[in-house]
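To start, I am sharing the structure in question, which I have written as structure tokens.
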């Protein structure tokens, strides 16, 4: 049996240390063949991503070091801006417009505000979606009559195209809209900061909780019933079963769901754009990018790159400190 | 815990459990009702608006009033330049091919990431994740120029290939996380029973992976179905998808927001999708319990 | 695990090298070529099939017109490319195709506010010399929106101006001036409805409304040379009137969320005494099933300082791409699309206001669109929104600061001085 170590254990051993133990040639050789296999299996994914994502990303990064076209006042035509160095980046981060602080009413003045708004939305929506999604998943995992109806209904918010969703909620949250009518309120949902933010959060949570719920549900379904039965036999309370069985076993799926929701939420665009056009401090980084594209692509490319770096750091912290096993070959703390 | 006490607990549990059982079911049904209301109430309002006479667009009456099919007729009215049937077909083609390709390619990648041991695994995972970190809006202009220069504008591949790439990171990650949780020992034992690696994968692992794969497919399909950014700028009249078509609906005059038509179109694209999932879901779950390896 | 970060970075770096190589071959990634290069002097005599690009054909007027043209010009067929109904998307679509120097976007419909930007980018064919276009019969304000740096770059096609809708059952004679209107607000109070509303949500419509207030009191946003001149006593008076009306409740608080449609809804529900909106409201308020004011509203020119107010101008121009291969055909088609006959068709079938002044007294048209004479007054007194290549930045400067003033977050002085700085930052960049 010593040569037939289960691959699972082996992978675990290899990746936790990440350094191959000297003197285990068979493992090394095995890794080489597996490496070849892996490159074949991964090639299509990597090529597709390289062409459609990495090419434009790198193109944008290059453009971000060029000045935007400026107006030649003599001719009235735009002329190419030339090399910009880090000016476009400084413009955003230092909020400098031509050497002075960007005045209110410019995109430059909104950078840090947009940054905090984006984080605020991302943290609040993802937190709410995780809790709600988990709860929905647990309910849907139970056996009861009409379960499939609930599962289908949960898909509804997510299946409606975002553009329609945004219009729908804009319509619902109008001053004379159904939300105010139904609850007898006179709230100016899109007329001031906090109502506008909550309107956006409610719409986003409504729309994307199903995504969370479905992913978590799929994770839950991988847990064999026997595990719960055994725990019950051992006298574990519902809460203990949740924290000691459900949570650890569903963790990989949960982490993937949270990670991807986080990446999406940090790039949130459609809902706030259609509902408030970024007014009342609801401008997210992506909205700022879109507005800037209409004023000059190169500055927008710099802003996109900054956004990319910010998200990269968030994802890195997330993967590194919170959910290494969502990504990592590090451990498989899953089932034993 | 001695065997005696274990038996005691079990026997003691039976009456208690019976009582608890009902309570639990009631709670489950209440929870299910809450979920239904939360998910469907805004949808209900969408349907009400979709069936409402355009002259009463802003009427906030909660029930169906001034019911008409006109909005649905508008959606399909070719004289108004709406080719919604065509758009639906395009969306099915784009989202369908995207899902299939993303799933196949993603299963390969996920299998490698979950099962094989190779160098740079972490880097590859990082690279794939990195692909969903750039603001999508900033990708459109370079892609537009790339596709223009190779003559792909307005073709299906110009919509499908970006769509696959947007879907792939999630697909790969989800599948990898699920694959890692699979009882691969079963594959080993199947191979001891004389299966090849391929057979072992197909006959043992695939059925087990079905719910996860199905979930991933739904997620991929819906995200491809909802894709708007790329399609709005890279499609032509012939390849326009439903999301683009909906955004281009117009009111009877400038400034008029075509709410009722948009809601009708939203209803049309949502309901078949949900029914499709409902049907498939039953099939998959049924197939799974039948073929389960225990 | 310390080196994880570099593990991430390595493939990205590799990919960037790959993309560098790719982008070197890709070409065409430059934005905004100066003056369109030589394209502006080529294909001036070209004839052949062309494409006409326009936003969604709301009321099915463009298709019959194109059919009519095609029947008469078998060798110069026009293909109609229909864009989205959303202005932003139309704009972005045009930009993408111009940047790619697409020869298939021959004749394009451009919003009045984009014309200067596209002209300055060198994407629009100047309408002079061989391709000169006669605008003498057109309303001067509309021609102004199509003119950049003294050169005509587009032909006005349809126009739009603000009107005052009022409840004639409550106010027999419409107010002529703003102050008069404000004094009538007691009538609204007696009837327990709001007095006045326009479009004050933070979007393009607010720029329209704020510019109207500023222009009506003699202020300007940018002058003819493109310099920001908004920080003036006149602007302060104008913007101040709106702010005061909000403070006194003559404009209800909810108007801060109004776009065109929400304000129309409030008026049709009978909750508003006065409404500033575009002509489109006229037919809908008369015919909408839910309208409670079908027979009880009238229209008047916008009230001003001492006479009619200065409306902002809506509408669209039609322009020719410098990259078109068939510019002679394109010019003929532009003439066709702005001819009296076409304009009449637009007005009767699509309720789109003509740009030819004599049509406003045409009996057929006024019978069908009774608001035309009033609209003529509005357009004759209209001031176009700033004709500037930096329009997106300019409108943002106006919108954001006017919004803050209307909400009372900023004094009018502060708002105008910020607006001035923001306009300068926009233009100088």
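To keep things simple, chains are lettered A, B and C as they appear, and every chain counts its residues starting from 1.
By definition in this document, a contact is a pair of C-beta atoms (placed from the backbone, for glycine too) under 8 Å apart; a residue touches a chain by one contact, two chains touch by 3 or more.
Because the structure is predicted, anything quoted here is derived from the model rather than measured.
Chain contacts in this assembly form a complete graph, since each chain touches every other chain. With respect to chain B, maximal separation of chain centres occurs for C (centres as means of Cα atoms).
The distance from the centre of chain A to the centre of chain B, with each centre set as the mean of the Cα atoms, comes to 16 Å.
One finds 39 Å separating the Cα centroids of chain B and chain C. Look at where the CA atoms of chain A average out and do the same for chain C: the two points lie 36 Å apart. Counting only residues that touch two or more partner chains, chain A has 54-55, 57, 59, 174, 176, 293, 297, 312. For chain C, the set of residues that touch two or more other chains comprises 4, 8, 12, 15, 22, 26, 29, 92, 265, 269. Residues of chain B found to touch two or more other chains are 58, 122, 124, 126-127, 130, 141-142, 146, 247. Of all residues in chain B, those touching chain A in their complex are 1, 6, 9-10, 25, 28-29, 31-32, 35-36, 38-40, 42-43, 45-46, 49, 58, 60, 62, 105-106, 108-109, 111-113, 115-119, 121-122, 124-139, 141-143, 146, 161-162, 164-166, 168-170, 172-174, 177-178, 180-185, 188, 211-212, 215-216, 218-219, 222, 225-226, 228, 242-243, 246-247, 259, 262-263, 265-266, 269-270, 273-275, 277-278, 281-282.
The touching residues of chain A, counted against chain B in their complex, run 6-8, 10-11, 14-15, 30-31, 34-35, 37-39, 41-42, 44-46, 48-49, 51-57, 59-60, 135-136, 139-140, 142, 144, 146-164, 167-169, 171-172, 174, 176-178, 181-182, 206, 210-211, 214-215, 217-219, 221-222, 233-235, 249, 252-253, 255-256, 259-260, 263-264, 267, 269-270, 285-286, 289-290, 293, 297, 300-301, 304, 307-308, 311-312, 315, 319, 325-329, 332, 334-335. Those residues of chain A that touch chain C in the complex are listed here as 18, 50, 54-55, 57-59, 61-63, 68-72, 75-80, 97-98, 100, 102-109, 174-176, 186, 188-192, 276-280, 291, 293-298, 312, 316, 320, 330.
In the complex of the two chains, the chain B residues touching chain C come out as 53, 55-59, 66, 79-81, 120, 122-124, 126-127, 130, 140-142, 144-146, 148-149, 232-233, 237, 244, 247-258.
Put simply, chain C touches chain B in their complex at residues 4, 7-8, 10-12, 15, 22, 26-29, 55-60, 63, 81-86, 89, 92-93, 96, 99-100, 102, 160, 260-261, 265, 268-269, 278, 280, 283-284, 287-291, 314, 350-352.
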